[in-house]
Structures are given as C-alpha cells and as structure tokens.
C-alpha cells in the first residue's frame, strides 16, 4: 500500500442494546460497529452489497484481533476510523480505531483479515489488483 | 387444536450480553430466547433446520405480540414454555410464557403468528394438515 | 394528543448482521432499528441518555406489537418513522412504520407501550404532563 | 498453570439468528457462543454471576484474537471447549476451540485476555492466587 490510504469513518451513538449490566458498552457491540465501518470501507473497495447478494461472492472475516482500552457509556458518540492496511493475492487486512467523538484518547484498536469467497461452497477467490484511493 | 397441545420447554441462564445498563435483561434478549424455543417447537411440528436450509422453505414470523411483566437479572435461569395455539390453512400461532426457574410468577407472555414461505421469492405455501402431538 | 404529533425519522442500511440464511432481514433486526428510532424520539420527549445513566430513571418497553408485511434485503436502506401516539398518567405509546427509502410500500408496522421506572428497584414513576412538539 | 487444566464445554445448535445471507454462521455469533462458554468457565474459577451483579466486580475482556477456519451452518451443533491458559497478577488468558459435534475438524480457535475490575469506576483489581482444578 503506497500513497494515501483508503479510509472510512462511521459514528455510533451508544444505545441501551449496546450496554450491559456493568454499565458500559458490551465487548460484542464494538464489533458490530466495526462491521458497519468495514462494510462501508469494503463498498469503497468495490464490494457493493446488492451485487454481493446476487453473485454470492462475499468478503469474509478470517481473523479478528481487538484490544479494549477504555470503556464507552450510554449516550456516548463513538467515532470509528477504518482503513485498508494490506492487500495480498487472496487476503487483505483492515484496521480500525475507535474514539469518543472529539477526544484523542483511544477506546479500541482492531485489525481484521478478510478473504473473498464464492458462497455457498466457500471457495476462496483471487483478489483483483490493489484498489486505488 | 383438540386434545393435548404440542409444547416445548427451553432454559436460558442470563448472560452479560442479555442485560443492559438498567441492570436487567434487555427487551430484545427475551425474543432471542423465544426464537430458540419456537425453532425447537417447529422442529417438533416437522420443520427440520437442515431440510429448511436445503429446500429454502422456512416458517417466518408475521406478527409478534409480547408483554413484559417483570424483569430478569444476570444469573437468573429463565424457563420458556412454548405451545402451538392455532393451525390454519396458511398461518399458525405459537404462544410462549417465561418464568424464573422454580417460580410461578410470569415474566413474559408472547404470541407469534407464522407463515411458511418459499425463499428467496417469499411465496407463501399452504400448510399441511394439523400436526398431532 | 392534539395538534401536530411528535415524530422522529431514522435510516438504516441493511448489513450482513441484519440478515439470516433466508436471504432477508431477520425479525429481531427490525426491532433493534426501531429501538434506535424510539430512543431518539424519547430524547425529543425529554429522556436524555446520559441523564438516564446517572439518575437510573429509564423508559422501559412494557408491550410490543409488530407486524412483518414485506421483507428487506442486504444493502436496502430502511426508513423508520416513529411518533408519540398516546401519553397517559404512567404509560405512553409510540408507533412506528418502516419502508424502503423512496418507497410508499409498508414493510413493518409496530406499536410499543412504555413505562418510566426507577432502577434497580423497578419502581414505576408518574409521567410528567403531555410533552409538546 | 501446572497439572490438569481447568476446562468447560458448551454446545450450541445453530439458529436462524446465528446465520447471515451468506448461508453460514455470522462471525459475531461465534463470539456470543464463546462468551457463554467463558462465563461458565469463569463461574468454575469463582466468578459467580449473581455475586458479580451485587458487588459490581466483573471480569472484562481486554483482548480477543479469533481465527475463523471453517464455517458452520443452520442446524449444526457446535461444541465449544474453553480452558484457562494463563493466570497472572492482574490478568488471565482463556482459550477456546470450536468444532462440529462429533468432528475433529477445527472451526474456530480463539484466545481472550481478561482483567477483573470494580465497576462503575473501572478500577483494576489484583487477581487472587491461581485457581485449582
């Protein structure tokens, strides 16, 4: 990946269903927010949702690494920044950082490796050439 | 529906992901537990999960009516009782009651109307004859 | 409720986590989208999320009635319109309609009754006077 | 960790809400199943759910690493094996493997690092001595 990286930003306001009895956002809720950001980022990389539903060729998550640094709470606005980190022959990596809106302090850092597969067989596909920003 | 009714029981221990910041089980979590009970009940009515995945003929929820009477909390064990309430030509009704294990007191009452459809077109199918217990 | 009704609109783009193996949006996913709309509507009615987290006074769902008319699919944009339907002494009703963006055709109609309670005891509170638009 | 390791097994039958339009189990659903296994394992380590709800001392996930090797489908029964991998002064690691019931073939491998915190302040607590099997 040379030059400007390909990025996407999303925002989520923390709802009741994002929280648990501990009073903070549940660990799975951050991953749902990250999936929203990643899906929009993938659209920018050429993976259109409706085309995927027709062709049944989907990017699938192969690996997730996530670190929970600080908690968010009900009503907080979380900003998620996602970017394409690496683009190989059959797999690519995305990375994500989440912060409270207007804050520099990191809540979450995450990396996900994806492959593109033809469903329902699950056959891995070769990636096209590196997408440009 | 005459004679003995067709029923199914399930149990769920309340986990963190079932709760919210209010300290009690979130309204959507009960519906996930009910879906588990309903799916097992539907299997008893002849709707096998793997057959469904192959034929793409699925029972789908058309209507849900749910009343939240008392809350459950982290670590509680919830018993869900589901039964077939009515079986028509193209739709059927299931009903559910949820209680804390060992308690008579009602937490939740719920009714769901279902239709059987051929996906992906969503074409409604005629129901077979009334299932027997 | 006289005069102009109090409303809120939200939009959701259908993600993978909203869908199931039937190829359409899962019945629980619509209720999560409705909760987002309802929470924003409640903020307009004076229920601020962060204040709630501090005072532990929350509006809770007492009853949900939802009818599933037509399915939405991956990549669809769903518009949810929510409004205050009735405001009583201790409970109020909200109503919701969901449509594909730019379409008149109804996907979902839903009504929810709510009460305001002091947690963690779950003590019901008297509602303040009718909110104005 | 010397001697016999501390383990827990859980089983999950794949429901509609676990799947997505790709026809397989959604990446987040495996993590909910893992959380169920981890919570039961934590109970064996002395973290009782109801005690936690009262004292507000909770084990929280600090890091998750998960690799998705093969997909599961509607109706499959997934066995999750969890064990305590490492126990330090302020953090511990759990590990998990998921397989189709009766199969040796690995679907998912996962590791999670946890800390014990006093909520709502989020203050980290020192771990007690190494639990014995």
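So that you can tell them apart, the chains are marked A, B, C and D in the order they are listed, and the count of residues begins at 1 in each.
One rule holds for everything that comes next: a contact is a pair of C-beta atoms (placed from the backbone, for glycine too) under 8 Å apart; a residue touches a chain by one contact, two chains touch by 3 or more.
Small disclaimer: the values here were computed from a predicted structure and weren't measured.
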{"item": "Interface sides of subunit C and subunit D: same vs different residues, half threshold", "value": "same"}
{"item": "Farthest chain relative to subunit B (centres taken as mean CA coordinates)", "value": "A"}
{"item": "Intercentroid distance (Cα basis), subunit D paired with subunit B, Å", "value": "27"}
{"item": "Interchain centroid distance [CA atoms averaged], subunit C/subunit D, Å", "value": "33"}
{"item": "Separation of subunit B from subunit C, taking each centre as the mean of its C-alpha atoms, in whole Å", "value": "22"}
{"item": "In subunit C, residues with contacts to at least two other chains", "value": "16-17, 21-24, 28, 32, 35, 53, 58, 73-74"}
{"item": "Footprint of subunit C on subunit A - complex, ascending", "value": "13-17, 23, 32, 35-36, 39, 48-50, 52-53, 58, 73-75"}
{"item": "Contact footprint of subunit A on subunit B as seen in their complex", "value": "16-17, 19-24, 26, 28, 73-74"}
{"item": "Residues of subunit C that touch subunit B when the two form their complex", "value": "21-24, 27-28, 31-32, 35, 53, 56, 58, 60-68, 70-71, 119-120, 122"}
